[in-house]
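If you scroll down you'll find the structure; I have some questions about it.
Which chain is which? They are A, B and C, in the order written, and residues in each are numbered from 1.
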Amino acid sequence: MERTKAWKTFPFAKLERSGMEAEEMVRPHTSYLKDVWRAFKRRKTALVSAVILLILVVLVLFGPMMNPYNYYSNDYTAINSPPTAQHWFGTDTLGRDLWTRVWVGGRVSLLIAILATLFPFLIGMVMGGISGYFGGKVDMIMMRCIDILMGIPAMIYNILLIVVLGSGNISTLIIAFTLTGWMGSARAARGMVLQIKAREFVMASKTLGASPARIIFRHLLPNTLGIMVVGVTLTIPMIIFAEAFLSFIGLGVAPPNPSWGQLISIAAEVFKSYPYQFIIPCAFVSLTMLCFNLLGDGLRDALDPKLRA
Amino acid sequence: MADQVLFELKSVSKHFQVKNAGVLKAVNGVSLTIYKGETLGLVGESGCGKTTLGHTMVKLYKNDGGMITYKGRDIWDFNRRQNMNYHKNVQIIYQDPYASLNPLHVVRQSIAEGLEIHKLYKGKKRTERVMELLRMVGLNQEHANRFPHEFSGGQRQRIGIARALAVEPEIIICDEPVSALDVSIQAQIVNLIMRLQREIGLSYLFITHDLSLVKQISDRIAVMYLGAIVELAPAQSLYEHHYHPYTSALLSAIPIPDPEVEKKRKRIMLSGDVPNPINLGGGCSFRSRCPKAAKRCELECPQLKEITPGHFAACHFAE
Amino acid sequence: MQTLLKVENLTVSFFTQAGEVQAVRGVDFDIRQKETIAIVGESGCGKTVTVQTVMGLLSNPGRVKDGRILFRGEDLAKASRERLHALQGNEMSMIFQDPLTYLNPTMRVGRQIAEAYLQHNKATRDEAAARVLEIMRLVSFPSPERNMRAYPFQLSGGMRQRIMVAMALVCNPVVLFADEPTTALDVTIQAQIIELMNSLKSKIDTAIVLITHDMGVVANMAQRVYVMYAGRIVEHGAAQDVFENPRHPYTWGLLYSIPRLDAPGKGAMEFIPGTPPDLLCPPEGCAFAPRCKHAMNICAVRQPPKYTFGRAEHCAACWLYSEEAKKTYADVIEKRGNANG
């Protein structure tokens, strides 16, 4: 207001200034995450997928509490019942409520999927970070080891591990998936670390005397995180599928604990007579995998600075 | 100028093995001395090894030949504590202001990194120190919590300078600090670098490809071509008399922003490009483009010799 | 002389997530036959966007909001995509800063030049090959018969830039846009390319629009100069006038902040404080006012009009030259902002 008055009275007088005008930042302050979120919001399919996944998580957590049944007790009055008002998804051949079993099974499947993705990623990132940062002999030896490990087909390796560790519980599956899964992410992390390592801010930190641990954990790995998140999201569906497959062939979670793979496995035997028992868990497995894949795609686009500019 | 020697480089070499091609002699027998309080300009075209030399001096590479001493001690002979001290005293400013800051750290974190590593200034004092550094480079508190992508190139370069200054170094190696910036911003940064020298008595090794810029700020200038110093002289002396034909060509190639002056200038045109630096044979490395080249240049590699007091050139015909 | 291209009030904005970035805010310029003009400015001032728009290369999210681009009387701002394609590389062509990104790495350079030729001309293989040799000789390419079979990576930076020039000239364009043609090159190579382009002027009729930030290059090549700042032309005129008698404070700053070889020894340099404005929300008055030593109250709120000086259309948009300010600030104008000029 003041300025307006001054300019009307003395338009050609020297402008009074503090000297910092030209350094002023007019653009609103944005953080990296805010920026990513803004880009992500524009990708509708990814956003819808995220919402669906959120609903699924809520149902997995609270679904079993919504009716009076639990996942193991049998209701002999309603064996192989189709979906009804009492049993929303129907019951299986032993008269167990499928609604409850689908959500409890979902808990197991999702828990395995998330943990069996996160652990290998964390291990892989650290391994890849070390290998990429130190380079030379360390890198050569680590990468050759990974090459050899990756040469063994993962499924055979998984089955072997489960047989050795004893099948039937969740931790066995997670350990098996972790041991077979970290190599891929180690390779990915190493590739990215090699790229970031050449950037000048890493050199600057080195010339300030930073220790390797500081450089790896403060500069290199955080900068790979964005892409790694995409990797995690895209790996989860693969683990869900692998778990379903292992349960299907009887190496998964032991009954009566359900998982999605197990439900499908049991239902497959009676598929011709009671298709709903098979279709319902299948649909949830497919839906979850699809949503994670779409979410991963959306995240990748949102995190890519070239697409965001 | 106090005559205390900070850096002494004795025939330093750095060779890279290039896959299936041979040896790239990026730095090939460079000897230099840097005195306390001076600015030594190091000039050369892209690929001449000037950046490799700078990076070797901050221990990003290990030289394979020769010796680098800092205050009389070999820089590869330090114990852990001395090594940390070296990193505190010898800092570097990088060329690309877009790559030299961690995109995930706010300015405050970037500047405070050196303070954290060397455990300087604790708690509230550290914040105050960061603010003081921001003021020194012409930024203010409001900028402290912003991310690098919100700044312009010149502002980022100033943040890079503040980061280097934070640990109170004795010498800063400036690796093309302004060549990625616009002219109006270049002058700002150069003035800032010079002002800091006056205020806190820094020494600089100023690496650049721009002979007219280096003239504005250097006490002495070294001209580098294909891994070797071809001429070394006090700044004024170099512009008045240049003994190496490469220096002459370089000086005459720089356009002057004045059409009248340009019309009157005679230009020494160098034919061709810088030759491939891999597997260079013996002899003078400049001979393929040199207007004065003779048989002798093919056989014998010229050594730096003192032409006038303090003015060295590596050419058989210099006198 | 005949005016080939006349750009009037060109206004281009980029509609980004953050908002509308007003990259070009009403630019006028023209170019006549056989002439070399230079558009000078810092990065982000809109000089590249301006020529990209003229060439029809503006891409999303950029949009022409206003203005006319008259190429021999035809308004290209309204021209169809097909029409622009027919002009690109043919009657109007462009040289870019970094030849390596614009040359196909897997194709021999001779063939790339031939393709550029065959795109707009019906010719047999032999005719095209003959034309390639002719144009490579024109840009003084050493041993063209042998080198036309080279791949881009086998050539040095200076040679690649010569190939770019050859590709741009192969169809005998009427106007050639050169976007920072020497910025990526070393000084000794830059001198070679400048000499090449100057020597071409006597051999061909092409008019050249040089886009650069380097006043030294401008002094060597251009007859007329347009100085651009924050999406606007702030000063233009004959090169001689602009260099000898710069009028706009930004031009003063630009000229005096360049380190000069012929300046006396070590010392502080003239500089322009601060940073160019963010064109997402450009200042309401003169865009240079926040960085200008001589800014007046009016500069912060009102766009300055164009004032004309002396002979031959030397113009500057600055309030210092208004009737009211002229007398008060006579000494500033006289000393060109106190600089050592």
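The definition used in the following text is that contacts are C-beta pairs under 8 Å (C-beta built on N, C-alpha and C of every residue); 3 or more make two chains touch, one makes a residue touch a chain.
Values in this document were obtained by computation on a predicted structure and should not be read as measured data.
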| item | value |
| --- | --- |
| Chain located farthest away, centre of subunit C as origin (C-alpha) | A |
| Interface ranked first by C-beta contact pairs | B-C |
| Whole-Å gap separating subunit B and subunit C, where each centre is the average of the chain's CA atoms | 31 |
| Computed distance of Cα centres, subunit C from subunit A, in Å | 49 |
| Subunit A: positions in contact with at least two other chains | 23, 25, 27 |
| Residues of subunit B engaged with two or more neighbouring chains | 155 |
| Touching two or more other chains - residue numbers and ranges from subunit C | 273, 275 |
| Subunit C partner contacts - residues on subunit A that touch it in the complex | 3-4, 6-7, 10-15, 17, 19, 21-27, 38-39, 42, 308 |
| Sites on subunit C touched by subunit A in the complex | 17-18, 273-275, 277-278, 280-281, 289-291, 294-302, 319, 322, 324-325, 328 |
| Interfacial residue positions of subunit A with respect to subunit B in the complex | 20, 23, 25, 27, 29-32, 199-201, 203-211, 214, 218-219, 222-223 |
| Footprint of subunit A on subunit B - complex, ascending | 55, 58-60, 83-84, 87-88, 90-92, 94-96, 99-104, 110, 113-114, 117-118, 138-140, 142-143, 145-147, 149-150, 155, 160, 163-164, 167 |
| Subunit C residues touching subunit B - in the complex, by the definition given at the top | 42-43, 156-159, 186-192, 194-195, 213-220, 239-240, 243-244, 253-255, 257-263, 265-273, 275-276 |
